[in-house]
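Chain nomenclature is as follows: A, B, C and D, assigned in order of appearance, with residue numbering initiated at 1 for each chain independently.
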Amino acid sequence: MRCLYDGGLRHKCGVFGIYNHNEPARLTYLGLYALQHRGQESAGMVTSNGRRLHLAKGMGQVADVFDPMILSRLKGKSAIGHDRYSTAGESGLINCQPLLIDSYWGQIALAHNGNLVNALSLRSELVRQGSAFITTSDTEVILHLIVRSSRKSFHDALVEALLKIRGAFSLLLMTVDEMIAIRDPYGFRPLVLGKLRNSRVIASETCALDLIGAKFIREIQPGEILIINKDGLQSIFPFPEREHAQCIFELIYFARPDSVIFGESVNLYRNCLGRRLARESHVDADIVVPVPDSGVSAALGYASESKIPFDFGLIRNHYVGRTFIEPKQAIRDLGVKVKLNPVRGLIRGKKVVLVDDSIVRATTSRKIVAMIRRAGAKEVHMRISSPPIISPCFYGIDTPTKEELIASSHSVNEIRQFIRADSLNYLSLEGILSCVKNGEKRFCTACFTEKYPIDFPYERFPQLQLFEKQK
Amino acid sequence: MRCLYDGGLRHKCGVFGIYNHNEPARLTYLGLYALQHRGQESAGMVTSNGRRLHLAKGMGQVADVFDPMILSRLKGKSAIGHDRYSTAGESGLINCQPLLIDSYWGQIALAHNGNLVNALSLRSELVRQGSAFITTSDTEVILHLIVRSSRKSFHDALVEALLKIRGAFSLLLMTVDEMIAIRDPYGFRPLVLGKLRNSRVIASETCALDLIGAKFIREIQPGEILIINKDGLQSIFPFPEREHAQCIFELIYFARPDSVIFGESVNLYRNCLGRRLARESHVDADIVVPVPDSGVSAALGYASESKIPFDFGLIRNHYVGRTFIEPKQAIRDLGVKVKLNPVRGLIRGKKVVLVDDSIVRATTSRKIVAMIRRAGAKEVHMRISSPPIISPCFYGIDTPTKEELIASSHSVNEIRQFIRADSLNYLSLEGILSCVKNGEKRFCTACFTEKYPIDFPYERFPQLQLFEKQK
Amino acid sequence: MRCLYDGGLRHKCGVFGIYNHNEPARLTYLGLYALQHRGQESAGMVTSNGRRLHLAKGMGQVADVFDPMILSRLKGKSAIGHDRYSTAGESGLINCQPLLIDSYWGQIALAHNGNLVNALSLRSELVRQGSAFITTSDTEVILHLIVRSSRKSFHDALVEALLKIRGAFSLLLMTVDEMIAIRDPYGFRPLVLGKLRNSRVIASETCALDLIGAKFIREIQPGEILIINKDGLQSIFPFPEREHAQCIFELIYFARPDSVIFGESVNLYRNCLGRRLARESHVDADIVVPVPDSGVSAALGYASESKIPFDFGLIRNHYVGRTFIEPKQAIRDLGVKVKLNPVRGLIRGKKVVLVDDSIVRATTSRKIVAMIRRAGAKEVHMRISSPPIISPCFYGIDTPTKEELIASSHSVNEIRQFIRADSLNYLSLEGILSCVKNGEKRFCTACFTEKYPIDFPYERFPQLQLFEKQK
Amino acid sequence: MRCLYDGGLRHKCGVFGIYNHNEPARLTYLGLYALQHRGQESAGMVTSNGRRLHLAKGMGQVADVFDPMILSRLKGKSAIGHDRYSTAGESGLINCQPLLIDSYWGQIALAHNGNLVNALSLRSELVRQGSAFITTSDTEVILHLIVRSSRKSFHDALVEALLKIRGAFSLLLMTVDEMIAIRDPYGFRPLVLGKLRNSRVIASETCALDLIGAKFIREIQPGEILIINKDGLQSIFPFPEREHAQCIFELIYFARPDSVIFGESVNLYRNCLGRRLARESHVDADIVVPVPDSGVSAALGYASESKIPFDFGLIRNHYVGRTFIEPKQAIRDLGVKVKLNPVRGLIRGKKVVLVDDSIVRATTSRKIVAMIRRAGAKEVHMRISSPPIISPCFYGIDTPTKEELIASSHSVNEIRQFIRADSLNYLSLEGILSCVKNGEKRFCTACFTEKYPIDFPYERFPQLQLFEKQK
C-alpha cells in the first residue's frame, strides 16, 4: 500500500469545545467534523457532567472514531474535542488528545494545537523532579507543570505553568466545572469564540461555528486566557507582551477557505494573493489551471487579474482515501494520478499557468508539470502564491527538515529546472503581507524568512520529533 | 445517523476490465477507484487464470472492499470489476456484481451498467421454465437467458440472449478464456476501449484509462459485441439498428469532468452549457457561485460568457462520509451545512447567480438558497444547466418517482417560489443539445421530455424497484 | 498463524427451524448457538413474514455473524438456520446456508445437513438443461431439481426432486408459508421435532430444544417429509423403503453428550462404549485419563467398569480459538499443547489408560502419548472407543482421504508403534453396536467396514470436494 | 444482549514475562494465552529492544488483541505481558496493562496482579505532591512512588516505593535492560520462575511455562524482589517479615487445574477437597454430578471417596462467548441454560449430589438445582468444596459487596432453602486447610473468616472500586 500524503505539509490539530449545552458531545462531534482538515489521523473528546470527565478517543477520522453509542456515553453539559495528525505506530492511541489526568486539582483535560519549543528541557526538569510521562507529546508537559505548581488556586497554577512554556499553543482545557481557552502571546494558531443561544463555543476556525449554527463573537486574543464557567466569561492576560506572530501559512494554505481567522476571510485573502501574483509575475498564457484544492482561490485571483481564462484543467478524485494499493509493475506518476487527472480537451495546445499555494520538496510539482505536458500543453508556467519555503516550522506545522525543503538550497531557477516548468515564480514576501491588514507587524513568516519569533538557542529542533526519534 | 444522499440522483454502476495483464486484479482495483463516482456502495471483481474464475466482492467503497491479501488471491491474467450503488439491507451483498455462475458454458461472470425494461417479464418466463434466481437484479436475467439458450456455441447463445433483452446495458462479461464488452444498440451508457501495452482495457469512462496509463482507443459502439481473446479482438453487430439514445445526463452530471465519453470532453461540454445558459437567461449580478462540485464547470462557463466574476461562494467539506450523527435538537439545514458552507466575505451584499446542474426534489436547492441569503446575499438567482426533470429514468439512473420530481407537477415559477430564489432559469432542451455534435439525433432526453426511446407498454416501471418492492 | 483443526474429523452442519413464533430469529439464533459444535465456520438464517423471506448469513460463529440489529431485520413468524463447516477462501460466503432462491414456486430457502453422492451427475444434467449454478454446494442441486420439475404442485415438485437425489440429507426447507423437514430414507443424519407452546421446532439435536425450553416430540423418521403450515403437521413417506443407516459416528463423537438422537442418550451410549471397551481390552493400570472433551464419557465408563480411578490428567484450555500465532523457532508439540496440558502430579509414575473416541491420522495421538510420557507416566495404554476408521465418509462427515486414514493401511500394532503406546486397543464393531438397540440393523458403519449403504459405482468420490477441486 | 458473567467471582489478572529470547513477543503471546482464565477482557504487552520499550494493548482476549503484524512490531529480546479483567466503558483501554511511563529512570513498564489496600491514601498524597494520574488503577500509584523517590539508584527507588505499598502484589516490571519480578511479603498471588534454554520466564502459573516448554524452577518467594539482567539473577528481600497469606481461593477455584502453585498441584488439591467433603457430609445418593468446569475435580474426589458413581450430568457449551442475545419473551433460566444442559438420561429418577466450588450470590446455584430437578432428579444434594464466603476480598479478587454475598447474612439452612436443595453442605475451614501442607500458617482465608491479614482501619474498601465509583 502506498500513502498519499507524501509531498505536502500537514497541520497538527484542530480543537473545538462547547460549554453549557444539552448535547455537547454531538455538537463537538460536528465541530470536529468541520475541522477535519486540520487533523485526520485521530480524534478525541472529553465531556463533563459537572462531577466527572468522560473520555473517548481513537485512531481515524471523526466519523470512524465516534458512533451514536460512544457519543451517548459521553454525558454532560460541556465538551472539548481534538482532531489530530499523529504518527502511526504503537504509541498512536496514547498520544491522541485530549489528554485527561486526575490530579490535586481534580480531573483536567487538555487539547492542544501548536508546538512548544522548550518542551524537551521542561520535560527533563519535570522528570528529574519525579514526574512520570505516559505520552511523547509536549501537551503532557503542560499538564505536569500545572499539577506540580505550588500555587494555591488552580487558576494561579495554570498561569504559572503557562508562563513557563514557550512556543505555539492554542489550548482548550476542561475541568469538571470550567472550560478554559488559551492562546499564546504570539498568537501563532487561531482560536475563536462563538455563541449558540446560552452556550459558549471555542473553535480553531469559524467554519466549525457555522456548521452548528453558532454566532462568531471574536477571536481569542494572543496572550488571553478565557475562563468560562457558571459565572460567565472572564479574561486574564498574564503573559508579558509579545509582538504578534500569527501563522501566515494558516491563511495561505491550512485554514478552510470559508473560515475567517486572524480577522481575515481566508478565501478573499487567497484571491488577493492570486491577484498580486498576477501583477508580480504576469505571463502571456491561454489558461489558468489551479492545483486542486489548495491552489483554487489564488488561481481565481490570478485569472481575474490577468484576464486569462480560468478552468479546472486538473480534476481531483475526492473518493481517494489515505492509501491505495499499487501494482508491482510501476505506473508512471501513479501517486499523483490517483488524485489528479488532466482534462486534455482544456489543456491541449495551450500555454498553461499552473497555480499552487506552495512548493515543499518539489517532487509532486514535478509530476504535475509532467502530467500537464503529457496532456498536450504547449507551455507550463508555475506560479506559487507564497514565497519559497526555506526553513522548517517549529510552531505546529509538520514540515520536513531543512534539507528536504528544496528552496532552502536551490535557487528559483534551479527549482524551475527540476520541475521542468517553462517559468516559475513565487509571490514575494511583501505580496503575502500586502493582502492582510498591518501584515508586517502581525505575522510569523519564519518558514519564508528564517526569522523565528521565538529564539531557542539550545533547542533548535522540533520537540515532538525529538521525543519520537528516541523510540 | 443521517444519510447525506437525500436529494440527488445516483448512478447505478461503473465497470472496468483488463485482458492479458500480469496484475489484472491490481489494475482493476485502480480502475474501480477511478470510477468510484459511479457507485460507492459496493464493489466486486472476478479474475480468470485461464482455468477458473475467482470472485471477491463486498459492501463499501473500493478501498474498503479490497486489501492486498484479497487482491493476491484474485489470480489470473484478466479481470472484470464493478462499482455499484446498491440499496442497503439484507440482500445487499447478494446483489453485488460481478455475478458469477457455473453453467453448461462453464463459469460466466457478468458486470452490468444500465437497466433492463423487460426484465420482469423475462424473469417470469424464465421462472416458469424452471430457473432459480438468487438475486433481485436484472443482470441475473441475462445470465439465465444465456445458459438457457439451445444454441450450439457460447457466442450464439450470448447473442440470442442479448436479442431478448431491452433497455440500457453496457456489459462486461468474462469466461475463463474471454472478455466480452457489450453495449446496447441505443448506446445509453458509455463504454470505452483502451490499450496498455499488450493488454486490452474496457471501462465506463476514459478517466479509468488515464489512471492506469492506458491509451484510449475508441468507444464500444452502440450495438457492438466486442470479443477479446487470445486470437485478438472481434466485433459483431447482431442487433437490429436503433436510433442512438446516449444518456445526455452522463454529460450533464454523472461522468467525471476529465472523462471523454460519447465523443465529448465532459468538462468542455459542461462549460458550453454554462455559456449557453448565460446567453439564454442573463441576469445582472455581482458574482457567479457554483453549487460544488456538480455545478462548477457550468458556472465557469456562465461567468465567462456573462463577464460576471466567478468565485467559490460555497465551500464543500470533502471529509464528509456517507452519514453523520445529528444532535437531537435540530440544527437548521444541518444536512446541507455538513457538506456546504458559504463564504460570507464573498457573498455579503452581493447579487448572486447560483449555478447547479439540475433540480430533483428542490428541497436541497431551497436550503442552499436560504444559506446564501443568510450569508448576506442581496439577491439569489438560480440557474440550472439542464431543463426541468419531469420524468424518471428507466435506463440506469436512480431517479425518484415522477411524483417526487418537483418539475413534473410544478411550473418553473412555482419552483422558484418554493426555493425562494429571486429568479430561476433552466437551460433549454435546445441548449443542452446545441453543445454536442449532432445532438438531436444521438441522445436520450427522456427525463426532460418524457419521450422514451424504448416503448414499454406493459412494464412502465423500473424493474429493479419492482423486484425489491416485493420484499 | 496455525490452525488448530488439523487432526480430527469435522461435521458439516447443524440445522434449526421454528414455525409460528413471535421471535423466530432470536430463537433460531439460540438454536444455532446450541448446535455450534456441528459447524463453526459460518452461520445463516432465513425468516418468513408470510410474504417474503429475509436472509442473513456470514462467516464465523453464530455470535459473530448475528447482532441485535441484524436479528431485528429478520422479521417474521418462522425461521430456519444453519451452522456450517465450510472451507475458507473466495467462495466461502457464497456457499453459506441457507440457500435462498426465487422461483416459479416463489422464494425457497434450504438448509442441508448431509452429502449427496450423485450431486455431480445431477448437476451435469441440470447444467446441460440450462441451469445456472451460483455455489459449489450439492444443496443447490436440490433447489434446481425442485424448480425444474414440471409437477403441478410444489409438494409434488419437491417429492420428484427428492426421489432423484441419493445420499445423506437432513433438510430444512422454508417457503413463505411453510416449513418442511426432510430426512433421507436411510436416516443418516439426525433430525428431531419439538414443540414450544404453539410453535413447532426442528433441530439436528435435542440439545437445541432444551436451550429454548422446547419439548422433544419425536425424531423425524428416515424417509419422512414433514410439512408444517397453518393447517398443522402432515407427514408423507414417498421414498422406497431402505434399510436404515443412521450414522453411528454421531453417537460415538459428533453429537453433544446431552442430546438424545436415534433414540439413544448420547452420554449413556458413550459410557456404555467405555464399559464395553474395558471388558474387551482390560489392562492393569493406575489411572484412566480421557482425551478431553471427546474421550470423557467413554473414559468414565472404562474407569467404572475396570475399577481403575478416573481423573483429568489432561487439561483442556477452552479459551483457545481456531488459530494461534506460533513462534518461528518451533516449540515441541505446540499445536497439541495449546489445547492440552498434562497434570504432572496425577500422571507421574503411573500406568495410564488414555481413552479417546477415535484415531484418524494418528499424528495427534502420537503427540498426546508423548506428552503423557514426558509428564512422567510409567506406561501409556491407548484405548479407542470405536473400531479403526478404514474408509472415508461420503455422507456428510469431513474425513480425510483413504490414504490419510492410518488404519486403512496399517495394522493396530503398527499404529501402536507409530503412536508409541505400550498397548493400543480399539473397541470392536460388535462393541459399538452392542450399546444401541437393534444396532446391527439400523446403523451405517461404513467408515469402519467399508460397507457403504448406497452404492455409487460411477462417483466414488465425495461430491463437494470434486466441485472445489475444479477451482 | 446479556452478559454471562453474572454470578461468579472473577480474577483480576495474569502476568507473564520472558527475558533474553529471540521471539519474546510471540512467547509472551502464548504465555498470556495459557493464562487467559485469569483475565479475559483486555491484554497487553511491552517488549524491550535494549534501547526503547514498545507497547501494544487492547480490549478483548489475547487472540483478538494481537495479530502477527502487531507482534512483529514488538521488537526486542524481552517482554512482559498482562491478561486483565477490566470494567467496560470509557476508561477501559486506558487501564489496560502493562502501564508504560517515561521517567527519570527512563522507561518503566509495570504489570500487576493483586490489589493495594492503601492505594487511595497514597494516591491522595502523590496528587498533593503534584503527580498527574492517567488511569484509575492502583498500579499507577506504584509507578509514581518509584519516580518520586529521591534515592540515587533505580533499585533503591523501587524498594522505597514497594515498602510504602500495602496489599497484594505480584508484579512484573521491565526497564530497557532489566526484568524484575516482585511478590508481596504475604505472597497473596502466585508467581513462578521458569527457564527455557538461556531465557528466564516469569508467570502467574506454571501452566504458562508448560505451554512454551519452559522448565519450572521455583516460586518467587513472598517478599522477594528478583532482578533479571545481563549479569544474571539477583534476589533481594527488603520487606519486614510477614506471616504468609497465600490466597487459598487460587487453589480452590482460580488457578488452572494443571498448574502447580504455592507448592501444590491444583488438581490434586481440589480432588482432596472433594474427598474431604465426602467424609464431612456424606449423603446416600446415586450419582455425583459436577457443576462444570469449576466443580469437576472436587466432584471426582467426592465420588471416589463416597463410592457414588461420577458422571457429567450437566454438559457445558464451550462455544458460548461472553454475551448472547436473548429473546424478549423470557426463556426460563436461559442464562444458565446457554452454558449448561442436563443429561436427562443420567439424572432421571436419581438422587443427585451436585458439587461446586463455591456459592457467591446463590442465584446461579438456585437455577442449576431447578434445572437438575426438571431433568427428573429425585433428590438434589448440593455440596460445596469450600466454606461459606462471608466477606469480600480486598487482595485482587473481584468479589461482590458483603451485602451481596448470601452467606454473609444467611445461615446454611437458609441458603439451602433459597436454592431449593434437599441438603446443602459446605466444606469446613479445617477441610480446605487439611489438603495443603502447613495450611493454617500459610494461607489467607479472609473471605471465609473475615480475618484480614492486613489491617486497614481507614480504608476498609477495595481501592479500585472507590476510584471507579468516583466516575
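Here, a residue touches a chain if its C-beta (ideal position, glycine included) is under 8 Å from a C-beta of that chain, and two chains touch if they have at least 3 such contacts.
These figures come from a predicted structure and were not determined experimentally.
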item	value
Averaged-CA centre spacing for the pair chain C and chain B, given as whole angstrom	48
Cα-centroid distance, chain A relative to chain C, in whole angstrom	60
Interchain centroid distance [CA atoms averaged], chain C/chain D, Å	36
Multi-partner residues of chain A (each touching 2 or more other chains)	none
Pairwise touch network: line, ring, star, complete, or other	ring
Chain-to-chain touches, reported pairwise for every pair that qualifies	A-B, A-D, B-C, C-D
Complex contact set, residues of chain A against chain B	1, 22-23, 26-27, 29-30, 33-34, 36-37, 40, 61, 63, 66-68, 71, 207, 210-213, 256-258, 260, 265, 267-268, 271, 293, 296-297, 300, 304, 309-312, 315, 317-321, 323-329, 331-332, 334, 337-338, 341-346
Footprint of chain C on chain B - complex, ascending	52, 54-56, 73-74, 89-91, 93-94, 100-104, 108, 127-128, 130-134, 136, 143-144, 147-149, 470-471
